[in-house]
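Next up, some structures in structure tokens.
In the two assemblies presented below, chain A is common to both, partnered first by chain B and then by chain C.
After this line comes the complex of A and B, so read on.
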């Protein structure tokens, strides 16, 4: 019962702040609202008992990406500045796109929810199991995708150095 | 459940008061002064008086600030440090939540606090605050990496991230001895980066009084400033207690294999006494460093992290992995 109440509160936070994040006139406030959404999502993972994903969500999104966002805003915006609103054409286009996106993901959820006949009780997943799954080479173990992602990150680092280096 | 929460919050506040008193006394000791000595015997009630004063102070509303962000920012700080506080094992069975990802949880949750600092600096609409927040952000993001890697080294050694299992594995040999060279390096790096993360000691340039008035919390008053202040003191305690748990065996008494009577006698000292005395030693060291070194410049600070600590750390993890795999840790050898 308590779980349900917490779930509804978190969902309400996610829904309200998602809308506020895109309607706010100030960039830094949008970032803060987005942060609330990300933290509430982390809370949902905690309800599911999936603590590892909770910590990853908090560390990577709230502690990493949001700090970068806020840094970028701090460096490029003037305190108290407002964003100029987009043109009507742009807005209509954005509305169509987001409604289509909502329909698309809604369709996927509804068509798949019938397939799950019963919910399996989640037991605590220990970090050793997660580590083996991420780093193993056997069946249902994902070393290959992990390495591919690290190549992508390496490319990002090289790109950043290329942009930041001093030109002689 | 509710009682545990209330007890935790009360412990948070009381610990902060004790820490402030201890800090002032030790600071006085290092500066050859007496320190607080008027309110109560030895000035024991000085912090109580200070807390009462800060509680009844007016919260001054500043014009031309981003109201919403200005008032939310302190909460980020205090909530982040309180969430971390909940995961600390204070003694045997005296442990609120024992996640199986303990160490990772602590690093993850404590990283939210920096957002409070950045938002406070930005929303104050003041150049001093802004520069302070930028410095603090750069410092925290860099040193968090080092602290995380140092903890990861110890996770490699003990083979678990859960605090209770980690302490149990240190029953006869603390981690700092168990991994000898590698552990010692990790311990020193963790203390340095923990110091830098809490904006203290030689790393307090985000709030360098002589240049920036008070840094990111210049515009705050009353209890809102109190939140920043409280979180800073508690973060010092949290860093010390995690170092004590991960490296020095937490609440585990000193045990020597084979000497059963000695072990028995050591167990008569309550576990929380062990924990708090280890933490006290670390806090004393932290204050010692704080009052012994001059403040670093921002470029020195970032050089120290990115050019020295981080490479050392990466090599250190590798050394630790080799030590564990080849069975050269102390417990394996003896």
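After this line comes the complex of A and C, so read on.
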């Protein structure tokens, strides 16, 4: 009962604010709406029982990426300035395409997935288990992707500095 | 009517409820990606799309394979990759702003940086 109410509130927040984020006329506002969507998503992870994913979502997405966005918006945009509206033709085309896609996929989902909607109880995932899974080399363990991600992060830091530095 | 409401608030939350939520998020991201002209708006739309995929990974893992953790770690790695992607993309946006003074998609007709010679000419003209 309580879970249902929380879920409906979170999904309402996600639905409303994700539409508002892509239709807003001011960039800083759509960044704020995106922040609400990301935090509501973190709430969904909490309902599902993935506390670690909740923490990562809040720290990395809602913390790190949003700060990057706000920096970029303030560096490239006049404060409070509106962005020039797009042409009606382009907007109508995008609306038609996305609404048609949503109805198509929604129809497939509603007509096919109904048969697997039962929830098996899951024991709480402790951080020891997550750490062992992340650091192990056996079956269903993820040391290799972990290392690849670390190399990717390093490459990304170097690349970002290389691209954004001033050339004199 | 009352039966409908009691059904709405009892039992487990069905799998497709989560998927419909992520579907709405995904297609509003698609709409923004197709219709907006500002590079930063396009980036925000990409974030929405990636985030909806993360929800799907976690939900499928929780409902279909509650004993395993594949979807959990896939969502974790996707979050890390999207952080990388945003950092590089924002560096590119800032570089474009430095060269062209705006971040509209239409004004970008070539990827080449202006050479030192062209910059001098531009400064003289201004």
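Here is the rule we use: the second predicted complex is superposed on the first by the 132 of 168 C-alpha atoms of A that agree within 3 Å, B and C clash if a C-alpha of one lies under 4 Å from a C-alpha of the other, contacts with A are read in each partner's own complex, and residues count from 1 in each chain.
Rule of thumb we're sticking to: a residue touches a chain if its C-beta (ideal position, glycine included) is under 8 Å from a C-beta of that chain, and two chains touch if they have at least 3 such contacts.
All values reported here derive from a predicted model rather than from experimental measurement.
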For A:127, using the defined touch cut-off, is the partner it touches chain B, chain C, both, or neither? Pick first, second, both or neither.
first
With the two complexes superposed on chain A, say which partner A:32 touches: chain B (first), chain C (second), both, or neither.
first
For A:71, using the defined touch cut-off, is the partner it touches chain B, chain C, both, or neither? Pick first, second, both or neither.
both
On the A-aligned overlay, A:156 touches which partner chain: chain B = first, chain C = second, or both, or neither?
second
In the superposed arrangement, which partner chain does A:142 touch: chain B (first), chain C (second), both, or neither?
second
Is A:56 contacted by the first partner chain B, the second partner chain C, both or neither?
both
In the superposed model, which partner reaches more residues of chain A, chain B or chain C?
C
Taking the stated contact definition, name every residue in chain A that is touched by chain B in one complex and by chain C in the other, in rising order.
52, 56, 64, 71, 73
Contact set on chain A toward chain B in their complex:
26, 28-29, 32, 35, 39, 51-52, 54-56, 58-59, 62-64, 66-67, 70-71, 73-74, 79-80, 124, 126-128
Touching residues of chain B toward chain A in the complex: what are they?
64, 66, 68-69, 72, 99-101, 104-105, 107-109, 111-112, 114-115, 118-119, 121-123, 125, 130, 133-134, 137, 141, 144, 160-161
Residues of chain A touching chain C in the complex:
1, 3-5, 7, 11, 14-15, 18-19, 21-23, 27, 30-31, 34, 37-38, 41, 44-45, 47-50, 52-53, 56-57, 60-61, 64-65, 68-69, 71-73, 75-77, 83-84, 86, 90-91, 93-95, 97-99, 101-102, 105-106, 109-110, 113-114, 116-122, 125, 130, 133-134, 140, 142, 145, 149, 152-153, 156-157, 159-161, 163-164, 166-167
Please name which positions on chain C make contact with chain A in the complex.
8-10, 12-21, 23-25, 27-32, 34-38, 40-41, 43-45, 47-48, 51, 54-55, 58-59, 62-64, 66-70, 72-73, 75-77, 79-84, 86-88, 90-95, 97-98, 102-104, 113
